[in-house]
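Have a look at the structure that comes next, please.
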């Protein structure tokens, strides 16, 4: 999201609104992507439940974002300050202003719901759905404050000139860190770290997981390119650059992920390594997508892929159970994305077109540590904010609703327990027909 | 669809055509959504068959729409009258006119095929595919006449100033009522209303059903926003408003659907309730998507969700078998959508931009019953038209081709009977490999 | 792809770039479509593997396209000649030129990766993944040379005025012929041509295959309409015409495919016939999508459908094993598409808008054989190029890495062998839970 809200209208409303609305349509398809990736990655007894959680994100998170999230993030009425916005609660505008306000709200709501969806992966297979509903309403609050810092004119990180084009901080770092807090509080799934491989939870449908990855891949193009928040003036060039850097970073990250598995896993091509390599590098390019050069995108992709898969292996060693690799992908690569922008960014005439005149050249090009320092400050402050608020909110839910299902329910699976849906793929009856046909 | 055809060209052809073509691409993805929703909702022995029926809609329905449907709906040559259009049969235009004509035909063909697809759900699991093919060709005719009434300049409801931005009447009400007629003529599926739960047809793949719902959700954004039929002038504001109202209505409807299940079903989160809540509220906002205020969208979403799930339960009580909830979702909420526009709509300077200068303020804002009366007239006349034509057409098919498969074929399932595809998920051979591996 | 590169900039950068970038987003979704179509068509023991191969196309093929493919196809620095382009290797541009260059590179990279993806279908179920990785890197080279001939100003077929709007030659004919070469070198799958039906490899998930077809269908709209490479000037009319011809061709092709099966297969609706009918006709309209009249599109669709299904049956008779029908769909209908343009095309004022001033009217309209001759020359030269290079590359891979997996590995399936993923849908453990629940 490009913070050009100082001038509360579009330069070229028709073109800019086509771009923003179309991009948002695409970004919303990422909910399907996350849903499939997660439901394919968990055991089959929980695959319906995790799809439902991805629907819950949009419904309950969308409501609180409309009520207070947008106002705290982007409201610019008196009372707005460097820490949070104010005004525009229960978003509503008259006919002369609604074009801008509704476009921006619609676009930002897709970001807000994505930040929550990321967390659902790390909470998979052991979280009560009613607890998750409460959480998804509260999570809006965790997202919208850093969104204000980074993207709203007047936000303290925005005023310092932080670089975060498409949400490495407010979306991915926030989502990933919340996921880490959640998985630490929830404890690992039953049987996750037993020595008997057959007892461990297994990937229910790798095909669905890869299909979900594909959907996220194409959706990310809308996410990163749409974050120019318009196409008028020179912004179309920034959109084109975002498309190329996003593609190249994912190409590099995917190759590295695939080859890492080939080398370290006795010539096996591990599906998880490829998925994490691609998604991690997409996160990695998010902060600087409209600014990076092609070779920088490749470098960022390579590093993000190694970081993501490395962190996933590390968590596994530390017996921290993160079912869909949310922490490695979103927290670690989100952090790296912010820092990489402090190393690599160069200014050109296009950066002014996005009102990024506050940014400074990165360490590699200028020898100046200032931009890197600001990026590091963003990492620390966003992590700090996220840890504190997510611990408070999740603890609150834990002592009231309760976070984790009982062991018995976990073993049976959430599809039966929460949705009364017949277990695995099909119910008893269907399996009987099937076995009759087979015999 | 916005009825600005009086002036048979675009204000800003490039921008408007981008908007219309892109929206239509998105609307066509709703065929995948309906396919998955329906194939996930039926028993596994019919899931391939119902996907094929969704392909049939586009193929056979698309052909008759090109031949006569577009002409009867939108032809404006001599002979066009308040009841139906005339001309532009076998759509073809020369190079100076084809921009407008082809854009409009392409856009409308996505609406026409959607109206047919809706019906396939209520005919699932017991309708012969050859009968369905004939039906999908004839259904074009059921759709295109009300489309003329409502959207074509000169259409009698259009001239009275009816409000139906994106097809609550010609698409959803027509589709839903045809579905009701079809299911009444077909009778319930074998075993649907037995007391033994194990004998009842079970949802084959809830994961696919939810994925289908997601696809419909994002597709609906293109459906409702694209119905401004352009982005030039002030239409971009109406598109932005459609995006926000569509999102908010679905958020409210989904929440109500989910909580209804939680409250009335002993804390179970029924997948069907959530799906119907979301889709019903998307239907509910369709008529007034570009006009409603955010809070009105929420109210409409809440009501639509209750109506949809209520009607689905009612049909079940009445032993009317509607496998995918087509009647509750499309007929009941489509009807409500038209009526709600008569209560809630307010005029502003944007309505003129869509050439909606004939509409009057709704009852709530004006105390005037006239707009509500026109909306009610639309409901009654569209229902009447649909009941009569669909009874005639389906009866005709019943006595010639035959509508329903034999009991034996129904028990075996259409995947084997019609497509010679090995039953459930995989054929005997595959299951043997599988069981060898398991042992 | 419209070859207006003579003037290396856009007429209307904002509108044109929206069109190109949005279309490319859509084209990339075709990777999901191919993945699902192929993974649904192969036996379940290879469905994850084939999804991975579709990811490999983008990753490894994308890298070599960035490195050398774009330069050899579209580089216009000194050294470029009628046979190949030169320059723009390791694509990179400064801020004044990057808008055009990056848009074009991004768009073309989606074409390049599609050309490779097509081949993965014909190599399914018996090709080593490491060999396929090497192949997907080399295949860029097979694609980019014909792409230069046909689309780059200065390319020898371009200068002769060949008609190929959206890639019937460089994408489909290249992909299909490479697929034919590959399947001939690989030999049929184990058990493919045994007389015992139960031993033959069976379609793993027809539902997924149809869903994949749907995704390809909508993606093709972006593919063909986006190939106007802009929307400014009169190009929006060509985009609208492409939308209508693409839709109508697929409608006709799908109907013919479905009815062919109904007639010749004892009233069975074979899923493969419908899929091949639709996809074959989409290939058929590709060369002339922006030029054809509606009735011509229908004729092209009918013929392509018959050709595609005919060739698939012929290959089966000849005991050539093409698991997903790649040769019939892409090679045969791609060839037909190029030739049909020589028969049917008429010039109008719109063709000039696409800088197609070199083309001549087709045989049917002019009685002149010249355009047909040029189209035939394109077919012959592209086939020749593809056969020679693909034989060389695949032979090279065969003698170094090895192309085909061992018989034992083939019987076990690539999902276990290459990815250590538990066989069919779920691993032993899950099946045990399942059978416990069933009992």
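Every chain is named by a letter (A, B and C) in the order it is written, and numbering of its residues begins at 1.
Assume a residue touches a chain if its C-beta (ideal position, glycine included) is under 8 Å from a C-beta of that chain, and two chains touch if they have at least 3 such contacts.
What you see is a predicted model, and the numbers here were worked out from it, not measured in a lab.
Visitor: Would the interface of subunit A with subunit B count as same or different, where same needs over half of all numbers used to appear in both copies?
Guide: different
Visitor: Fitting the CA atoms of subunit A to subunit C, what rotation angle results, rounded to the nearest 5 degrees?
Guide: C-alpha superposition angle, subunit A on subunit C: 120 degrees.
Visitor: So the centre of each chain is just the mean of its C-alpha atoms; given that, what is the distance between subunit A and subunit B in Å?
Guide: Each chain reduced to its C-alpha mean, subunit A and subunit B end up 32 Å apart.
Visitor: Where does subunit B touch two or more other chains at once, residue-wise?
Guide: If we look for residues of subunit B contacting two or more partner chains, we find 15, 18, 22, 425, 428.
Visitor: Tell me, which parts of subunit B touch subunit A in their complex?
Guide: 12, 15, 18-19, 22, 26, 43-45, 198-200, 202-207, 210-211, 213-215, 217-218, 221-222, 225, 231-232, 234, 236-237, 239-241, 243-244, 247-248, 250-252, 254-255, 258, 262, 265, 267-271, 274, 278, 293-295, 348-350, 423-425, 428, 431-432
Visitor: Using the touch definition up top, name the residues of subunit A that touch subunit B in the complex.
Guide: Within the complex, subunit A contacts subunit B at residues 13-15, 17-18, 21-22, 24-25, 28-29, 31-32, 35-36, 39, 47-48, 51-52, 54-56, 58-60, 62-63, 66, 90-92, 94-95, 98-99, 102-103, 105-106, 109, 129-130, 133, 208, 415, 418-422, 425-430, 433-434, 437-438.
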